[in-house]
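In the two complexes that follow, chain A is the common piece, with chain B as its partner first and chain C second.
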Partner chain A sequence: MAAQTTGARTRPGRGRAPDAPPADHARRGGRGLGARSAPYLLILPACVATIALLGYPLVRNVIISFQDLNAFQLIQHTTQWTGFSNYTDQLSSSTFWHTVLRSVLFTLANVALIMAAGTAVGLLLNRLGKRMRLVLQLGLVLAWAMPVVAGTTVYQWLFDSQYGVVNWFLAKLDWHSMAGYNWFGHQFSTFSVITLMIVWQSVPFVALNLYAGLTTISAELFEAARMDGAGAWRTFGSVTFPILKPFFLGTTFLEVIWVFKAFTQVYALNAGGPEGSTETLPVYAFIEGVGNQHYGMGAAISTLTIVILLALMSYYFRIMLKQEDDL
Partner chain B sequence: MASATPTASSGAGARPAEVPARSKSRARKAGSRRRVLGQVSWTAGAWIAALIFFFPVLWMALTAFKQESAAYTTTPHLVFKPTLDQFRAVFDAGIGPYLANSATATLLSTLLVLVLGIPAAYALSIRPVRKTRDVLFFFISTKMLPGVAAIIPVYLAVRDLGALDSVWTLMVLYTAMNLPIAVWMMRSFFLEVPGEVLEAARVDGVTLRQEITRILLPIVAPGIAATALICVIFSWNEFFLALNLTSVRAGTMPIFLVGFMSSEGLYWAKLAAAATLACLPVLLAGWLAQKQLVRGLSMGAVK
Partner chain C sequence: MGKRRAAIAVLGAAVMAVSVAACGSGGGGSSDKASGPDAFKGKTLTVWVMSGSNPPGWTKDITAAFEKQYTGAKVDIKVQQWDGIQQKLTTALSESSPPDVFEVGNTQTPYYAATGGLKDLSGDKSSLGGDAWAPSMNASAVYQGKQYAAPWYFATRVVVYNKKIWANAGITSTPKTQDDLFKDLAAIKAKGTQDAFYLPGQDWYAFDGFLLDAGADLVKDNGGGKYTADLDSPQAANAINLYKKLNSYGTAPKDKDEATPQQSDVFAKGDVGAFLGLGWEAAGAIAKNPALKNEVGYFPMPGTSATTPAKVFIGGSNLAISQNSKNPQMAEDFLKLALSDQFEGELAKEGGVIPNKTSLDSNLAGNDYGTVSATAATNGGTTPLIPTWGNVENAPNPITTLFMTPVLQGQDPAAAAKKADAEVDNRLNQKQ
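Take a look at the complex of A and B:
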């Protein structure tokens, strides 16, 4: 995106309709130097605040990752440089690579489920009558707005082995071995609960967005597709998806970032347990850095986390850049 | 949930009315019948989906009104004698200061986000500067920064400034957290302002300040409200920074809840009451401002 500055002035929106008016305002420039520099002055405070409060930690985190910073050095206020040793330690440890693999698979599974379920609910919203739509929308908004910590508490209780509603319900469905099942005692079942919770929290965003996008497609297009005898799948594949492709790309992009970074859900639900088998990269970095007070090592892990996220995203950046060129 | 049948039938009845009724051919009739069936199954799907999304919230609120003995049953009860004991216990446990901290950090940071964000959003939409796209990209790229990567430097900096365990620190950090998305969102609202309105005002010779306060702000007020609401929700729910940067004085609601969990972990009904109180403001905001929220969320780039 950064390379696309030529003509950026006339195309600030992501293909949104009101592209023309801004250019129109900009060309006017009738109010002298003060008016021309005004926009820059208006952006400045926000940029400075963001750089100071987000850029500075990022840079300092990279610096710390080259230090041997433990509880001792922290209290003594001493600095001990260790070069790349934090990095070489991690890159040669099997724990790290297992965690990377786990994080990537976890992210892919979650994002796939979120996009599938979110699309289904979004399409559903578009098909409903007004009242039913409001009911479902309210449910979505509540699930989205609920504090993650509160959500985690509730899910722990829902999946409680003895008193949880889920085990009771499954046992009612004649799945008797699930009565008293300990969801948090195994890697896969813990991940299942975490995934369910993350999907539950994320679907609202995708569904409401998709619904908003669907309302911009003219009904005649769907009517035409139906006249041509296209079924529901065919209509989605050849009308809905192509038109809303930028939406799908953008939303998937945000969801990948969000799930890959997810900390509270994983940590608060079972603290990465049992025995560290559900530690994702952010949780691993936190437990190693803050929990075990190996701050330098934690900084190295979190820096590597960013690098891996950027690598995952690079494919996406390419698609999005192409998309913008096509517009 | 008693209104299930009427809503379902009205939902189902809404669409088939659009089917052209004049057509008498058999094929058409079969088609419309199939479409009615389709609509009924859509509605049924909607009820299932709504139930899935409501259930955890509902179950939490319901449990909060139970006695512990009613919460701890292997067969869950939907009917029970409601009590306010749990809420009383939560208030006795000293929720007050946490509520006050959350309210302070949330409201002030949202205000600061608007003060810093509105001018930036204005400059990026109404009077785009060069490299608008670079600036926007810079803002959104901050979303790639995981909290864990920032926490150690932030902790050190805050410690060196002697500002640990302070609600002002949280306020500043929440501002930084929400500013980028707020700029993105408000910019997309500003882009919808018709250019002619501004052009006309300029012909009349208004100053920059008048242009913003008298003409723009009234038009984009709903969008700004939606943005503010989303910032409020994010700040209120923030957990990670508060967990690492506060101890006894500046704890917020999520911190209270987690502390409550470890001290009262076996008392689920009490925990549910605490969780309900922690959710109440945002859930109320979500309920009352559903329309604005949905619209704000749909402008993209939020999470």
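Take a look at the complex of A and C:
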């Protein structure tokens, strides 16, 4: 299959370059060169990996988006430049704009649910006793660690119209019209299943991070708030949220990016069906680019996806940068 | 400094070696001379066949025969799935060492011929036995007057039924008309068999047969090589309604095709009355459930009149050699062997598929599926042999996802047909 980065939902990058040790003040001759180049040599592997695995495909993708690259050109190894026509075709197509709208709404709905549920679970983690906390953390980590495609298979079985547990359970609860319901036959129900899966796998990250953040707030603040007569909501609004604002902003920011580019869940659950009504931008790019073998067009759509995401994030960028200045 | 110069020299040599290799091998010459037995010592020929096409006996025999004829040569036959094969084949053909010989469906051959990924076999047609190929069978392998592939076999879908279940329902003879068929299926259902007929909603090859039988087609020819989609017609509505009726006699999913799950696996469970399928699907079911060995029967899909069975989609496969193959001579010799009377005949006998020469039809005599399939094949059609037809078959296929499944789920055929036609037209007019 074409080696396009398909933007699968990944866990937060752990491969951050280690902080370089402060370079020795340059001493004339001797060990100066070795000591000065040590930091650069240490981060060289990470840089090479990043450039090779992320930078090169990105650059290649942008280059391909200016070409007419279909099966013919791929097999013949010819390069056919076509300027901006891939972009103008997409920007003037109503299918594209419908997909954009769908992606934005889908992202908003998911992120809202993820942040709400994740915050609730994080607060719960803070309140639990040691043993139950361990059990809950274990459950969260297992959900988080489940490979995405294996997870979609399980969800497909759960929501199968004939043999799925969900339909069986709902029918047992006397909701008989759900007995043979085809979850993947309608847009809204398909999106519900996809949302459930994405929220289920994203909540652990938010919850565990929030818990970590909460442990940095000294207990005295909560005591003081309680003594002043603040209830649970007031405590959250006046103590927890203001202190953890950077955390909330950062996590929402990350979740928006991850959900917007989520490909695996949407594609594996029903391939953008029924009738293309659950195609989000990454799935649309894949179907158009790899499925229909119009790689140039697919590359243009994926580049536009990045541009649109950056535009949506510009508000957050401004807040994040202002935060840095405030601190 | 010396080490640096040596490193540059090695790097330079590597770059030169890669660019020389990338310049590519020229195409093989015509093979009028036979290759000597040691011509391919130590080489491996990569052959791609599609799932269901290579019966086990044929595979074993042809590998042994080729390796015996050319000492030291190896044949590596790889089986590929139909799902997503177009994308896989495009990628493979664009690489520097693609599969040497590969099978390509007759509906997709013009698409690949137009990409230039197939080797021109015009000069070798005679030595491959091409003079005896029936023109109708050869049509899909010819593009712009050149022979880009060799017709390998043809297969039509017939009704495969479970004799025990039918006998239990008191049916003594196979139906000759559609009314008879529905009467029989109702009897089977009344006896308690939930899946009297298993017909998944996205088997568009089967649907094409119904369409042809109703007097319509997937596309219409506007002359000058221009085709437009033609699902928006009363005959198409009749065809899809017939399909819908047949689908209702079982619990097959309306939004999946015949490979998800594999029809043969479902039939192998032993509680399905009948399904519409190919010989290898029946053979696969028997292999999974040996108890079915003598319980499987075949009859052609009945039409409206008792004298002629319904028109069917004539599926077929061609064998092609890739343009960039690293072993073109070896590939041609393998092709000669595969298309020889001996192995074409063996394929027909074991697989029940229709061979590319009418003279070999006698091989079908012992194969139950083969005899029925050959009867059905006298009355059929295929998809238009144009390069852009390949676009229509790219997932998601508009015929299945925009027409068949929506109608099966309750939409009005005319409304669904309009949407499907628009998408099919879009794909037929895409520039290659």
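The rule is simple: the second predicted complex is superposed on the first by the 292 of 327 C-alpha atoms of A that agree within 3 Å, B and C clash if a C-alpha of one lies under 4 Å from a C-alpha of the other, contacts with A are read in each partner's own complex, and residues count from 1 in each chain.
The working rule: contacts are C-beta pairs under 8 Å (C-beta built on N, C-alpha and C of every residue); 3 or more make two chains touch, one makes a residue touch a chain.
Just so it is clear, the structure is predicted and the values come from calculations on it, not from any experiment.
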Room on chain A for both chain B and chain C (clash or fit): fit
First, second, both or neither for A:A71, with chain B first and chain C second: second
Touching partner for A:F184 - first (chain B), second (chain C), both, neither: second
Partner chain(s) touched by A:V290 [first = chain B, second = chain C, both, neither]: both
Chain B versus chain C as contact partner of A:Q162, first or second or both or neither: both
Touched chain A residues, chain B compared with chain C: B
Chain B versus chain C as contact partner of A:L58, first or second or both or neither: first
Chain B versus chain C as contact partner of A:A224, first or second or both or neither: neither
Touched partner set for A:L136, first chain B, second chain C, both or neither: first
Touched partner set for A:P274, first chain B, second chain C, both or neither: second
Shortest CA-CA distance between chain B and chain C [superposed frame, angstrom]: 5
Residues of chain A at both interfaces, chain B in one complex, chain C in the other: 1-2, 74, 162, 290
Parts of chain A lying in touch with chain C, wherever the complex brings them together: 1-2, 68, 70-72, 74-77, 161-162, 182, 184-185, 271-276, 287, 290-294
Touching residues on chain C, where the partner in the complex is chain A: 86-88, 90-91, 93-94, 111, 114-117, 251, 253-255, 323, 390-391, 394-396, 401-402, 405-406, 409, 419, 427, 430-432
Chain A residues touching chain B - in the complex, by the definition given at the top: 1-2, 4-5, 8-9, 11-13, 16, 18, 20-26, 28, 30-31, 35, 38-40, 42-43, 45-47, 49-50, 52-54, 56-58, 60-61, 64, 74, 121, 124, 127-151, 153-155, 157-158, 162-163, 165, 168, 200, 203-205, 208-209, 211-213, 247, 250-251, 254, 257-258, 260-261, 263-264, 268, 282, 285-286, 289-290, 295, 298-299, 302-303, 305-306, 309-310, 313
Complex contacts: residues of chain B adjacent to chain A: 7-8, 10-15, 39, 42-43, 45-47, 49-50, 52-54, 56-57, 59-60, 63, 71-76, 116-117, 119-120, 122-139, 142-154, 156-157, 172-173, 175-176, 179-180, 183, 188, 191-195, 198-199, 202, 208, 233, 236-237, 239-240, 244, 253-254, 257-258, 261, 268, 271-272, 275, 278-279, 282-283, 285-287, 290, 293-295, 297-298, 300-303
